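Presented below is the structure to which this report refers.
The chains carry the letters A, B, C and D, assigned in the order they are written, with residues numbered from 1 in each.
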Amino acid sequence: MPDDAADPDLRERIARGLAGLVPHNRALGLRLAELGPGTVTMVLPYAAELVGNPATGVLAGGAITALLDATCGSSVFAKLAVRMPIATLDLRIDYLRPARPGLDVHASAECFKVARHVAFVRARAFHPGAEDDLVAVANGTFMLFRDKAFGDKAR
Amino acid sequence: MPDDAADPDLRERIARGLAGLVPHNRALGLRLAELGPGTVTMVLPYAAELVGNPATGVLAGGAITALLDATCGSSVFAKLAVRMPIATLDLRIDYLRPARPGLDVHASAECFKVARHVAFVRARAFHPGAEDDLVAVANGTFMLFRDKAFGDKAR
Amino acid sequence: MPDDAADPDLRERIARGLAGLVPHNRALGLRLAELGPGTVTMVLPYAAELVGNPATGVLAGGAITALLDATCGSSVFAKLAVRMPIATLDLRIDYLRPARPGLDVHASAECFKVARHVAFVRARAFHPGAEDDLVAVANGTFMLFRDKAFGDKAR
Amino acid sequence: MPDDAADPDLRERIARGLAGLVPHNRALGLRLAELGPGTVTMVLPYAAELVGNPATGVLAGGAITALLDATCGSSVFAKLAVRMPIATLDLRIDYLRPARPGLDVHASAECFKVARHVAFVRARAFHPGAEDDLVAVANGTFMLFRDKAFGDKAR
């Protein structure tokens, strides 16, 4: 299975996707921090407007969900040597502890298995420097459409 | 277990939450369509700027994720007779088919079980008039903090 | 998509699978109760030897897991018009309440969506007569190997 | 949070649970291989009678499910310093590849987070010597009943 991201435009495409195409990720201020072969780290900057409960200052759970969702999908593109359409089959998130007020949340996703039709991803959200006290973990599976050019209709 | 939403301000709080506090839901244009005792329906209006792949016109998966996430959490508040802090424990989404280009997506969530510490939710996303051809389904569990006032720190 | 179980031997194959091939299902005493087009109901008979905690008489959670697992997979075969190999992609179970001591547990699974490569299943476990007070719910996805005869190696 | 298994009888209780109380685990031949503070490894010995499809010799998926289910629950007991009732809240399994015919399957579970009411577990199933080519991964959450003696009724 391909283990390297041969697509030279991947970083630019992911960054552009974050910055431009999906308004809710742009609204969250998500940005790409690291990109490896099958791995992606994104940052959700702490912002008062993302707080769910003003009494606690804790980021809304939905912001963590969106962060992990974006990171998981990007890691599949970072794993595939050839560009192809993908579609999320399922995504599961466990929320382990509330994010700490005032701190950014990072999410690292790894596409750890690619089969013929399906890719498997795991991810974790954490505060930098506190990787052992995870905020959330996620698992996802993605359909791969190997026989379609990227512009084709998936499914 | 309480089956009615005794909190008279619930609709206003949910609507305000959608419109104001969480920028990424506001960016998606999410709006509350129906609110019952333990049930919530929200609408994700189709918008060109939410399209993931311009060649297909299909809404980005992340928009469906955010729609279901917001709907699930709100259904717990709609089920509880007393206002209390909640926290998402886990959320799982199966994506059954791509959303149809040009059509709004609705999501209906039902909080179908409330135990002492945990509430269980299921939800479905669909195009109005095509409830049998679901776009996605979700299941979630939520911690309940019965002994805390809403402004207290949860967990 | 095929909605009927054209395979005339399906009931016999499922029953034989329960009774013969998989010793742990046989050890649990699982038996097939109902078989429809895409739906299956199985019974886990209450038995003292399946109790996890003698002080409570509650069935071990693992018995409920095995019941739901067996029911979900069978519902895919019950949905497909043509016999083909399948493989579980993922299975998720929410345990809503302990089973009641002394009572059988039934599980009904429905294969509610069949796409080209993937089938989606949902299931619920309950005591007969108390379908509104579910013991557990499950969701599963299954890979379909349409191009292989059943005896071929899957994947 | 407690990180050591202070209960001196834990190994015996887990072994006894595997060997005696739950007939379907006994039918599978599950045995305890390693027990650490919050970690458990169990073995599912390859056996012809556990094969789902005779043409391939691949173990039935249900055997892998039962292996992971048993391992996850045991890891919570291995993590808690004090014996208390627990109940599975949810369990999710991704099946990454078919088990190889003729080989035992090992499952290692780690209870990696204990909060007041909930414990979080992750597990992986693999063939010894091939830990990088996982057969399946699992995530589970468990309710903790700290205020109850073990013989009390949970929930």
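A few comments on the model shown:
What we mean here is this: a residue touches a chain if its C-beta (ideal position, glycine included) is under 8 Å from a C-beta of that chain, and two chains touch if they have at least 3 such contacts.
From a predicted model like this one, the values you see are computed outputs, not experimental measurements.
Taking C-D and B-C together, the chain pair joined by more C-beta contacts is C-D. Chain C has its Cα centroid 33 Å from the Cα centroid of chain A. If you average the CA atoms of chain C and of chain D, the two centres end up 20 Å from each other. Computed from the mean C-alpha positions, the centre of chain B lies at a distance of 29 Å from the centre of chain C.
Residues of chain B found to touch two or more other chains are 89-90, 92, 94, 97, 115, 141, 155. Taken together, the touching pairs cover every possible pairing of the chains.
Here chain B touches chain C in the complex through residues 92, 94, 96-97, 112-113, 115, 120, 122, 134, 137, 139, 141, going by the rule given at the top. Chain B makes touch with chain D in their complex at residues 89-90, 92, 115-118, 141, 143, 155. Every residue of chain C that touches chain D in the complex is listed here, in rising order: 21-28, 49-53, 55-56, 58, 60-63, 65-66, 69-70, 73, 85, 87-95, 97-98, 150-155.
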